[in-house]
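Remarks on the structure that follows.
Letters A, B, C, D and E name the chains as they come in the text, with residue numbers starting at 1 for each one.
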Amino acid sequence: MSNLNAKIEATSTNINPLLRACGLTCIREERVLFEALNFTIAAGDIVQIEGPNGAGKTSLLRILAGLSQPYDGNIYFQETPLAQQREAFHQELLYLGHLPGVKDEMTAQENLEFNLALHGLHTGSAEKTLSEVNLLGFEDAFASHLSAGQHRRISLARLWQSQAKIWILDEPFTAIDKLGVKKLEALFLQHADNGGCVVLTTHQDLSLPAERVKKVTLAYRFS
Amino acid sequence: MNPRRKKRLTIVASIIIGLGVVAGLVLYALSQNIDLFYKPSEIYNGKEDSGLKAIDGQRLRIGGLVVPGSVHRDSDSLKVSFKLTDMRMPISFSDTDPTVTVSYDGILPDLFREGQGIVANGILVNGNMIEASEVLAKHDENYMPKELADDVGEKHVKPSYSQAQLESTN
Amino acid sequence: MMWKWLHPYANPKTSYHFAGKILPWCTRLAVIFLTIGVTWALLFAPADYQQGDTFRIFYLHVPAAMLSMGIYLGMAIAALSSLVWQLKLADASAAAMAPIGAAFTFIALVTGAAWGKPMWGTWWIWDARLTSELILLFLYLGVIALHNAFEDKSLAGKAAGILALVGVINLPIIKYSVEWWNTLHQGATVSKLGQPSMSADMFWPFLVCFIGFACFVTALICLRFRTEVLNRNSMRPWVRELVANEGKTHAV
Amino acid sequence: MTQLSYRAAFALIVKRDLMIAFRHRDDIVNPLLFFIIVVTLFPLGVGPESTTLSRIAPGIIWVAALLATLLSLDRLFKSDYADGSLEQMLLSPHPVFILVLAKIVAHWLLTGLPLILIAPLLAVLLHLHESSYGALMLTLLLGTPVLSLLGAIGVALTVGIKKGGVLLSLLVLPLYIPVLIFATSAIDTAAMNLPYSGQLAIIAAIFFASLTLAPFAVSAALKVSTN
Amino acid sequence: MQFDSISAFLAMGGYGFYVWLSYGVSILVLALLVLSSLSNHKKTKQHIAQRQKREIKLRQAAELQKAQASADTRL
């Protein structure tokens, strides 16, 4: 297995693989972002994807979530290709991208409730969950009156309710204050300990114990 | 049957049902007279399939063969009238065929001639007269050289107009 | 997989060179057939007993109309295989076909109008066949526009492929519109096997013209296909090598 | 984990889209106003002669409906694409075509239905032949869902393109032509007191064909656009 | 040969305008298609060659920078 273009700590020695990337190649607008990438993500892993701007971090996350098709290669979820079991995979997936997916015309609580319902979760405790992300008192405020950080909090609130095993998070800490970051990190650790996995990109240093965080480092390529 | 299979079956079944309905509707539509097209005999007897008769003042399309010897052209204007009879293969005419009279004021297409198939758009008046707003020559898919046509006995003279006739429109 | 024998041709490099090999032969054949065919059609074919010399438009109009639909069908099949089996080269060939098909549709429409004016008495009528051929032109233009709208060529190919497939419904309408609805347009002449409704000295020049146009289209598809393959693989080593080598020979 | 049934997922999306639209009323009202204004332009442009108007009335109403729908199509996926909710819907554990169908139904309820309700009023202004009203309503009832369904394919293809507006009309209008032809032909035929079931059957056929196939085309197109 | 003279050939039995219009437009369209296809092919190759040159320059600049950086640390 050659990974000429990326340094990878997540390896295939784990017993319980959730996601496996096999020969991933991504080409965007005639530029090769990464080529023949192989790695495995198992239950209990927290994987941080690193790299300079334009190295293809977001592209890699989107491919892992099944939103983008790789130019070449395959993703396996529990040893079966993604394409063959889209719905079962989405059952076990929570993906948060750059955009929070919050509608301005709905209140904070309605936004959260819709997001939960869409993914088949109970909406009863939405109000309590909002207090977890420091939005107590903003339940009935229209999202158009809330700040960017608060939008992100609404979308992150789903994490507290989620029963999905695989969390894929693109820059979850953007516009989140220090206390919020601490809380999220604790949640990630708890999720990993409960047999889930977290894949994330961030430019901040995680304050999690170093042995718990595996790193995939993408390099910027000239072509 | 597991739920995944069941769902897939529902999808496939609904697609098949949908396309079946589409096919049925199309077949039904094709049996209807969508473009108001009539043959001369149908002006008298009603449509062959539905028995529907055209009424005076109705816009319609009529298609048929120009009856030989029936073309009357006004000598100093573009007005022309002619009789149409049902198109039939091979081409033949008999006096007992039902005919309708088409009157038209305009330049006829070059393909227009006696015995030729034409299509006219117009309005029905007096039960069997058509005031055409447009006369179009329909060409069949048979092509042959002049010499061969002469042998078979077909010939074609395209309509010609005098200067006076052409100027009468202005 | 039953498609295994296709595998070498699914390689962009092989198919690029394969298209390069066909290209000159098709060009030669097209030049030969079209020269003979057009000369024959214009000078030697007899005039029709009814339509006189306008009949010579037939030799352009019918091949163009047939090819406009044939190319669309080819494009739709390529689009389908690119979407279902993820064949990247099918994508490139669909992209190569669209402008050619649009050109032939345009020719079919213009020659048809120029033929209809003296014979039917009108440049254009809004009947089923003419209208659906016009929609075919619009569909081609839409497909081309989608190809140009996306930066990423493989995404562009997929998007245009979906549109092409949606438009396929138009093909049977064009084909059967003459029989379904009573229109001015004549029925099929050439495809009536067994009893050709055309005399032999009119049919042969048509056949030569048609083969000429078909070779011409194949050659053009090869040429444009090569361009598309280069575009989609511009970061591959073989393309870099190829371009660098050609640059050298040009410099010398 | 509770798994939503197809019906519940469908209802969830329809409810959400309706709620958003009612809180943002411009989106419903503007296409409708556009429809009314375009129709009223014709008597002013062509002249108020009632025989001319009644002859071209079916065409005017249908062309205006086409353009009004085209104008409203942007709402279908654009804002969801812009704020990331489309992404979340594609990642939900439901088949995409269910979600797509729900969004199209919501779109029709918000644009097609108001058009149908206002059309008889405008038909009066245009002196439409009395016997054509039934045909007008029936063609609109069968035809406007087709406009939403086929339009959704166009929007889904162009949602990721920055200047997709003109391109959208280039893609969608040719697909609308058959509906326009048969709808106006049905209304014309009805004006002559002739049966128009043939034209209606064709529009119904187009409706069922697009209802069965468009959701799949749209979901494929969305997957390409959000790539 | 169906025509007696060049003028008869050009007249096409009175239909010259329509026949020559058809042939003229067809030849024009096809010629444009061929020319645009050829120029597209050429442009694509030029584009690729240009980008290659740019990449080589970029890489050289990066190496130069690296060399300088290591030289700086040695000092």
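By definition in this document, contacts are C-beta pairs under 8 Å (C-beta built on N, C-alpha and C of every residue); 3 or more make two chains touch, one makes a residue touch a chain.
If you're wondering where the values come from, they're calculated on a predicted model, not measured in any experiment.
Chemist: What are the chains that chain B and chain C both touch?
Modeler: D
Chemist: From chain D, which chain is the farthest off, judged by mean CA positions?
Modeler: Most distant chain from chain D: E.
Chemist: Any chance you could check whether C-E or C-D wins on number of contacting C-beta pairs?
Modeler: If we tally the C-beta pairs in contact for C-E and C-D, the bigger total goes to C-E.
Chemist: Distance from the CA centroid of chain C to that of chain D, rounded to the nearest Å?
Modeler: 33
Chemist: CA centre of chain A versus CA centre of chain E: separation in Å?
Modeler: Here the centre of chain E sits 45 Å away from the centre of chain A.
Chemist: What whole-Å value do you get for the distance between chain B and chain D if each is reduced to the mean of its CA atoms?
Modeler: 35
Chemist: Among the residues of chain C, which ones contact at least 2 other chains?
Modeler: Correct list: 46-47, 52, 118, 152, 234.
Chemist: By the touch rule stated above, which residues of chain B touch at least two different other chains?
Modeler: Where chain B meets two or more other chains at a single residue, that happens at 30, 34-35.
Chemist: I need the residues of chain A touching at least two other chains; which ones are they?
Modeler: If we look for residues of chain A contacting two or more partner chains, we find 30, 69, 223.
Chemist: Show which residues of chain D lie in contact with chain A when the two form their complex.
Modeler: Chain D residues touching chain A: 1-4, 9, 12, 16, 19-20, 23-24, 79, 82-85, 87-95, 226-227.
Chemist: What residues on chain A touch chain D, complex-wise?
Modeler: Against chain D, chain A makes touches at 65-69, 87-88, 90-91, 93, 95, 97-106, 110, 114-115, 117-122, 163.
Chemist: Mind listing the chain C positions that touch chain D in their complex?
Modeler: 83, 131, 135, 138-139, 141-142, 145-146, 149-150, 152, 155, 158-159, 162-163, 165-167, 169
Chemist: Using the touch definition from the top, list the residues of chain C that touch chain B in their complex.
Modeler: 46-52, 55, 58, 118-122, 125, 180-182, 184, 186-189, 192, 197-199, 201-202
Chemist: Show me the residue ranges of chain B that touch chain D in the complex, using the header's touch definition.
Modeler: Residue list for chain B touching chain D: 7, 11, 14-15, 18-19, 21-22, 25-26, 28-36, 50, 52, 55, 58-59.
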